[in-house]
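Sharing a structure, written as structure tokens. Questions coming.
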């Protein structure tokens, strides 16, 4: 693992009224790794992602991305720097075709959207890379289908394709497997595995099969605090984590289906 | 208790259910399993009267639910934990639960015992909850209607493993108390532990049914229809 | 054949004005056997809703599509000013039977524009004159914020020599005057002079009485603030109020007696000055068209309009060089008649053969 | 675009012919009035298209669009007023009736105003956006009411129509009609092009899912402001044309009911299609004209008619046309 | 400014404010809570005024007229909801705008046909026509005082109904997710019809009370509608508490604006107020949904 972390959160604090959702949190994500974030419901995982992505301002603390302080940067600026999130609840452009969905993201990455004249729908500089990405996530055959009519799992794949189209350096994935059947979930897990190395990923997931089979590093969040960070086997063995989060589901019978 | 025969339903132009049959006896826990998009949720919606059935019969406690509006179905004693939680975002946690509560065994106090997290977040608005907290709330809300039949559609989705097993435990307890339950979940192992009988839905039809023992043995069936 | 375009405000709080004008005009037409100067008359009616832009659209349509000979009926000065351009540009006669904006009496006067009613300044001028003579020291002025409002208060100030302690222009068609009334109470003037025609007048008078100001500060207005479109709705709250006017329902001449009797018989109510001037307008047209032979020769018709004599319900009437009236102005007081209805009773003469202040700036 | 002759193409061709032939036909029937009416319709078609750009494509429901129309009209009106009175605007600028100056200036002023209003309002969402644009329009309305020097409430009559060169005299109804038609076609065509460009894609994306746009790295704020500005400028042009058509400008042009009517035109025609709203404008004004000729109480017919249209034709009139496969 | 003038203007502002609140409360319920943009709300105001005017002419009793108008508009509102509007709850806001705009046209014309285009002016019974001296030396019209009291009473009742009662919870829940509340056993259809009717009736009540003060005329609801929209937006759409505070705020600033500013500028006051508030708080003062 390289020395310099890609993303660093330092002393991050976020409160909602009396509730401390993020409690003096320190987190480091290193380039190329899949870093999983787990923790009980309401531990503050989504809140953390929202802060990293620029949707929620932290009360205090700093967020460093690739060495630069992005704590005050707005969402598009972070995306431009390569810090991109996907959503727990599918967020796509339902009326657009799958291709257009991705092309939109390609266009965003290309900058220059203040172009008023040339037709965008047929511009090969947008369409070609978009098509390539759809193929990569296995949606090539559905390019023309309106995204809203696609199956749930396919929408999740599309969502990842869109995220990839913005050429992220760090992907924040909030429960990418939510609501997905075993088969679809396996497809996404495969997809994520294929991305390992070329992208850095911060993954939030309650599906322990996925987490333990994908993650290089796991951080456990409880009441806004990171109570443990380490390799999957270290985390699984950690009694504190078992007590606060895993309970009996870490039971081997469940894991063997992975 | 609940009897579904030859149910057909769909959305607008596209038919989703092509003759679903389902039976739940009193005190029974029955599961519906199947891959994504096979029509489990649609079946539940059709039972609830949220989606109007095109054909077939649905009866509950020997009363026909045919073409009853959703609220009447619910008043017959069916409690729903819907897919996607469907919390009321502009009500507080407590309001979400008491708004539709009816008198019975389940009280606010008992739900708070079950989910202490909800008590902590009592005055939070529904949309200010974490995903898992919303899921707990949805279950609590359904319990508080004190239903004769509880329907859970992917109720463990997005819950932490600890809570998830808590929910399974809770369902087992309900079962012991004689509560009838229809449950949809993707965790087949847990369903086998809990359920009396299981139905596999494939492309809008019931393609298999049997008890837990049968399902455990039918590895080929599981492989074919569930991919596990 | 004669085609008349009759644009007026028929709806809304000021809808009564259009009705009065139309009724007065129709009554005259009926008396004239449905003819003007012997020619069959078609009247095309349009509701401007008191809005200049709608007035303009109506006028254009009437001039271009219906090709009317005369446009008349307009009750609001702002509408008249807006309508003037398209109508006069097409050399169509524009006969005002109520509104009398100073602009059209002065620098914007036009050979095709005639005003058979009054110039806006004149009636308040008479009240200014009267209050000065009466020795009133301080006065509070109110009017809606539109050309006639400006003209009216301007006219008042031209002849009033005391101090104006407040001059308020309210939004046109403002329904609620609570804020203004509070300020009057604060200013404690000797008198209030207000110009609020139609519905505005009703609301103002009612609220004035409700606020308890009525017993404290006397109200004065031009006849348009206290005429028969207002008095029945206001009731006793108006009794004892003074106004100035060139005409009243009690004016004592033969033409007027017939007019008031006929009007009451036809419509079951006492006419207002609007009906009176509209009635006069029809008689003027009748006489002029008769004199000119037809409406086809526009020059002849214009000459005829300038000079022709007709039986005015006001008694003496003639046109000044700017086609605005020269007439007498009187003081009236609101009293009850034998049937208990409110009427304007004659009190004194203020001006005789009074001319407006703008005729000198008119060059035609 | 159509390779074989589609019903759409036939429809388009017929429409083009009808538009071109209208003035001579009206003149030969001795009804020049209808040329003016048609010009008015074209002006509103242009205004409706400009509103559709932000409403139909960007999802920005502007309830104050008439303000831009009014500002454009007042630029023409005020400069014309100073030209007629031979006075200076702000004590330095001479008035003019030259369309070369006033029309672009109308666009510029309306565009700039839209820019400022956009800066403030696009931060809000949904109904709040509707209302804040209404608020600004009302302010503009009352601002012009305050300008007693230019007639205030009562409006301002134009001394003459805008002048271009000796070749085109807008005084002539037919010429004015053709100029308006050209403007509507050119600008409308331009708008269509814009909606298909990258910028247009961004706009649609914002309407569809603004949050997602942010997360693919598009700073939506500036695009919304830009679209708002563009729409304002085009509405300003429509305003300049409207001032010429009516020979009269007044604050009533920016009254909220006007803005409401513009929205009605857009929805009636089918939002997000540009051509639909243009047709919506024509249909709305025609209905008004036809029904009002038929009965004084025409609104009692128009009202329920509108309800029926929304009820049955969800995509407006445009949605009832024979369709190409959706090209989104 | 003297203390009397100030006090009187404050009362004037309150009176305008409570009047607006009667309108705004109904609209904010329908608008924010039931998610229906109802431009025809102003028409209910107008219908209330006309019903009351007619009943008043027939019976001569203001109380009877007010009660009759309240019931009349209640029924009218519910009928309209059942016949047309209920199918618009799930539709786009713009569709709702267009449909209810159509209703405005319809009602205005209907009134013009039935009652004629001219305005009605109602006279108050003698007992209400005078003024009382709340503070010695500063008389204030009795009728306006009645409006203030009535408005405040309704405000309190509504607040309790919406934010404290179970009915209120159900209404709010139904607004955000109709299907779900039905699946939990609530007949939301009837509930919404009743709430819609109630909102309409409150608007009708406002119209009834405005009648004797202002004028009963075609289109009287249109300008009130706009002011009401301003109020509910300032207050935060869907918040009855917000609507209440915003009503008073708008009433007071309008009254004082009129006194302190030149005429047209005064008309702008409330719009400037709204723009400033929305700039600082894009969701209004009391955003109802997080």
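By letter and in written order, the chains are A, B, C, D and E; residue numbering begins at 1 in each of them.
As a working rule, a residue touches a chain if its C-beta (ideal position, glycine included) is under 8 Å from a C-beta of that chain, and two chains touch if they have at least 3 such contacts.
What you see is a predicted model; the values in this text were computed from it and never measured.
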Legend entry - Reaching subunit C from subunit A through chains that touch each other, fewest steps: 2
Inset, instruction - Chains touching subunit B and subunit E alike, please list them. - result: none
Inset, instruction - Taking CA centroids for every chain, report which one is farthest away from subunit D. - result: B
Legend entry - Selected pair, greater C-beta contact count between A-B and D-E: D-E
Legend entry - Gap in Å, rounded to a whole number, between the CA centres of subunit B and subunit A: 30
Legend entry - Centroid distance [mean C-alpha coordinates] between subunit E and subunit C, Å: 37
Inset, instruction - Could you put a whole-Å number on the gap between the CA centroids of subunit B and subunit D? - result: 53
Legend entry - Cα-centroid distance, subunit C relative to subunit D, in whole angstrom: 39
Legend entry - Per-residue overlap in subunit D, given as positions that touch at least 2 other chains: 152
Legend entry - Contacts with two or more other chains, residues of subunit C listed in rising order: 145
Legend entry - Overlap residues in subunit B, where contacts from two or more other chains coincide: 128
Legend entry - All touching chain pairs, where touch follows the definition stated at the start: A-B, A-D, B-E, C-D, C-E, D-E
Legend entry - subunit E residues within the subunit C interface of the complex: 1-2, 4-5, 8-9, 12, 15-16, 112, 117-119, 121, 123-124, 129-131, 139-144, 213-215, 217-219, 255, 258-259, 263-264, 266-267
Inset, instruction - Using the touch definition up top, name the residues of subunit A that touch subunit D in the complex. - result: 53, 74-77, 79-80, 84-85, 87, 91-97, 100, 103-105, 107-109, 112-121, 123, 126, 146, 162-163, 165-166
Legend entry - Residues of subunit C defined as touching subunit D within the complex: 51-54, 56-57, 60-61, 64-65, 77-78, 81-82, 84-86, 145-147, 172
Inset, instruction - State the interface residues of subunit C toward subunit E in the complex, per the touch definition above. - result: 10-13, 15-16, 19, 47, 145, 168-171, 175-176, 178-180, 182-183, 185-186, 199, 202-203, 206-207, 209-212, 233-235
Legend entry - Residue ranges of subunit D touching subunit A (in the complex, touch as defined): 193-194, 196-202, 204-205, 208-209, 211-220, 223, 226, 327-328
